[in-house]
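Look at the two complexes coming up: chain A is in both, with chain B in one and chain C in the other.
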Partner chain A sequence: MKNVMIVATNTFREAVRDRVLYNLVFFALLMMAAAILVGQISIDIEKSVIISLGLTAISVIGLFIAIFIGVGLVSKEMDKRTLYALLAKPLPRWKFLLGKYFGLLMTLTVNTAAMALGLYAALWVVKHPLVRADGFVLVAVYLILLKLGLIVALAMLFSCFTTPFLAILFTAGIYVSGVYAGDLRVMRVVQMDPGMLKLLRIVSYALPNFENFNVMGAVAHDRGVPGILVGNATLYAIVYGAIVLAIAAVVFSRRNLK
Partner chain B sequence: MCFLEHWGGVCVDAGGRVLKNRDMANPAIEIENLTKEYPYGFLNLKKRLSLEGLTLQVEDGEVFGFLGPNGAGKSTTIKCLMRLIFPTKGTARILGKSIEDVSMHQDIGYLPEQPYFYDYLTATELLDYFAQFHGLTANDRKARIEKMLKKVGLESTKKIQLRKYSKGMLQRVGLAQAILHDPKVVVLDEPMSGLDPLGRREVRDIILELKREGRTVLFSTHILSDAEMLCDRVGVIVGGKLRGVGAPGELVGIQSQGMEVLFELGPEGKRPALLSRATQTGERYRVELKEEELYAALDELKLAGARILSVTQIKATLEEFFMGLVEADRAQAAAVEVRGK
Partner chain C sequence: MKSRALQGIALGVLIVLGMAEVWNLQRKIDAEKQSLQLESEELMLRSGSMVTRMSLEYAPLMAAIYWTRAVQYFGEKHHLQDQDLQLLWPLLDITTTLDPNLLPAYRTGSSFLSDAPPRGAGEPDLAVKLLERGIKANPEQWRLYQDLGNVYYFDKKDYLKASQAFQQGSELPGALIWMKAMAARIAAEGESLETSYFLWKQVYDGAKEPELKKNAGSHLRMLQVELDFRAINHLADEYEKQTGHRASKMSELVQAGLISGVPVDPDGYPYVLGEGGKAELNLDSPLLEEQVMQKK
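Moving on to the complex of A and B:
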């Protein structure tokens, strides 16, 4: 595990020095603008608008980082050949991959935590004092982070066997499909061939169900998030993520570096 | 084309192919029938052979030069040894461990060809990052890094990010990371590439120092003078096949023999008969002789009162040997192509 942490720490340092966290400035400006404008254009729903806007921004910004940086984690090292000297150290390839994964997860955690703080600051400006129910925003942020962790794993998997451009397309495609995975499961199409319907059902279960992590609506409207939902989502993200990373490790450990 | 029949534990057949290069007393690197094919074309259905049945041993403590033109298979071999690419066939062991065993890398240092490192790190940070994988303590790392940066001449630029480094400076950092952890075996892929004459000399000195310390060094190069200067043995690879292995002196000594005598006429100005075969440059004369003619020629010069400046054995250079193999390979390839047509 020590080698994984060495790679993870370096990946985090790379992200910080590559100015990945500069997106926080954009988020801060967005939140400041929202806090000022919301008070003027909405009546009694300031809190819900700020929470929806804030959580959406956290999710979208995180999504961009997870996909674009996630794909680059391995492919950039292969393209620039920085990987050559590193893999000649006593470092198994799967540990390198896991280290890169946790490094970006560390970056996303810091980034998301900072944005969550910004969201709370905006909430405080619009509607203070904060109440206990506002704590659910943290739960929503945690679930977004789980979702981002899954997306990073997928981005890494695709970047292990295809070009960065295709890996971005595949990851984005899986994300969009995964958002509707729940709908696919319950879809009733009368005219569809039963075989196709069965295949559709299998695909819907194979796809990551990103709706598991979406509690924005409930949190924005002061509805609580059941603990069982959080527990299930956590377990789902860990198991699904572990499977994806295991496949990525197998693919990467057989890959010839050019 | 046949250059050699038998030397240094290596047999070479009439086609220049190595038949035996094994059974060394204490090999540090053992390569057995290493073959690498690269797929290409539509659906990767075609195969290009980059390395063909390479069998080679490098003795513990020797400096071994891996020579060959661009695309000959030198880097492919080294990448196979470092598990950056996987051989289609064959095996290799370093220090008795299979190359599939990652723990083998604990005692190996590797400099990739035209190395490139993380832009955002300084030389000190990069070396510290790499050193951590070898389980060195923080104090040990710090001391070694200071020493190593001094050795490769980067002490004054150690706090500058690597994005601002020149190609030659990156090469030096690469060398530093390869030997930082005191490896028993050092594998260097084109270590002189991108270096100015001063840098090349420094790298040569480091390789010689590694040899003095008893480490095994395998390095690839196409700069033949470096190989001649540094290597205990060299292996020549052309077209993915090993075409010859041996000490540079053995390789070149067999191809051509002869003696060169440099002399000046004596004060009496007597002109020896040998003068008709000599070429004159200023006051000096140079004549090439067969070995059996040497003593008679020296007697003649002595009788004429000439001043003998030097007597040197004429040998083909490693370059001539190397070019002979490359041209033979090209001729063979052309013949195959003609037959195919």
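Moving on to the complex of A and C:
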């Protein structure tokens, strides 16, 4: 586990050195502009707009980082040939992969936490003082982080067997399909073959359902999110993430790096 | 070679067991999310549903943008005195499909739709449709029943349905006590100036949305004028009985001791007696324009 943590810490440091966290400046500017403008253009939904905008920004910025950096985690090491020096040491490939994963997750956690603070600051400016219901925003942020964790795992899996460009396309494709996974299950199409309907149903469960992590609508209206939902979504992310990382580890360990 | 085969078997077992657990968790999450009322069960037939699908996970933000657009559209049309409000319903439809819990869109939106032109779009049926959708998505919000009752009462003149709406709303937790009283009063009396004034006063006092408050305030001022007219005309009738002729100036009622001073409208302009000795607004009163528009 120590090896995994060393790789993770170095991945985090590298991300900071690569100025990944500079996106926070963009987020801060967006939130400041929103806090100033929202009172002038919204009618009694200032708080809802700030929360929706803030969570959307956290999610979109996180998505970009998760996909682009996630795909580059392994391929960059191969391109720069630093991977060979690392793997020459007593470090199994799966541990290297896991370390990279946790390193990016650490970066995303710091990034998301900083953005959540910015969101609370904007909320305070628009509707101070903050009330207890504003705490639900943290639940939404946590679920976004779970979603990002799953996306990083998928990005790493694809980057293990294909080019970075294709890995980005595959991850983005899975993300978009995953948003509609629930719709596949309830799709009412006239004259569809029962076999096809069954297949759609299976696909809908096999795809990562990213809607599981979306409670933006509820928290924007001060509605609480049941603890059981948060618990199950957490388990879902862990189980699905573990499957994806296990496949990635097997693919990566069998890959010919010569 | 043997270890590779073992690795493959282990991975296969992990995938099968893992996906079974994923399936199990997904079913649980689906059930929990239904109780959160976050998803619409509508078919992808209407544009609102399509916009919801296209906005990925960001429907609440899109709803806020569409709601802002709807308000700007209405405000701009109002400012230009353009009564063609064709886009109002589609905008409200999309907004509430994107975010079924956005209460201001139902409350203020139904007021935009139901009010007769030039104040609104003169579409009370669409206002009822919007509010019924709002009630379905937010069954605990008694204020939506209040708005529904108001549309039936003021715009559709359907007092039975208005009374039923107030009654249903009064049964919800948190509903104010007057909802029940209003249900009984409308069922018994139908429309009256006092009831109308009371209903608009409730809208005015409870409105957080500036547009809704402004509209209710405008209705209240005109209803106050109607109530004042009725009281003044009653006194003028009394004066006619006492003197045998109709008063032509307000000062005559003052001199006869029927009123202590010349009464003023909500904007502070003194009322006048017009042709036939009936109470009228002062020609300088800004309310005159509003009264003319309302009569149109």
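Keep in mind that, in the parts below, the second predicted complex is superposed on the first by the 257 of 258 C-alpha atoms of A that agree within 3 Å, B and C clash if a C-alpha of one lies under 4 Å from a C-alpha of the other, contacts with A are read in each partner's own complex, and residues count from 1 in each chain.
The criterion applied here is as follows: contacts are C-beta pairs under 8 Å (C-beta built on N, C-alpha and C of every residue); 3 or more make two chains touch, one makes a residue touch a chain.
Given the structure is predicted, the values throughout are model-derived calculations rather than measurements.
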Chain B versus chain C as contact partner of A:Gly135, first or second or both or neither: neither
Contacts of A:Asp183 with chain B and chain C, given as first, second, both or neither: second
Partner chain(s) touched by A:Asp18 [first = chain B, second = chain C, both, neither]: first
Partner chain in contact with A:Leu53 - chain B first, chain C second, else both or neither: second
Which superposed partner A:Phe210 touches (first chain B, second chain C, both, neither): second
Of chain C and chain B, partner touching more chain A residues: C
Partner chain in contact with A:Leu91 - chain B first, chain C second, else both or neither: first
First, second, both or neither for A:Gly173, with chain B first and chain C second: neither
Chain A residues contacted in one complex by chain B, in the other by chain C: 254
Touching residues on chain C, where the partner in the complex is chain A: 4, 7-8, 11, 14-15, 18-19, 21-23, 25-26, 28-30, 32-33, 35-36, 38-39, 41, 43, 53, 56-61, 63-64, 67-68, 71-72, 99, 101-104, 108, 208-211
Residue ranges of chain B touching chain A (in the complex, touch as defined): 79, 82-86, 102-106, 108-112, 114-118, 120-121, 129-130, 132-134, 174, 177-178
Of all residues in chain A, those that touch chain B in their complex: 3, 6, 10, 13-14, 17-18, 80-82, 84-92, 254, 256-258
Chain A residues touching chain C - in the complex, by the definition given at the top: 41-45, 48-49, 51-53, 56, 59, 176, 179-180, 182-183, 186, 188, 205-206, 209-212, 214-218, 220-221, 223, 225-226, 228-229, 232-233, 235-236, 239-240, 242-243, 246-247, 250, 253-254
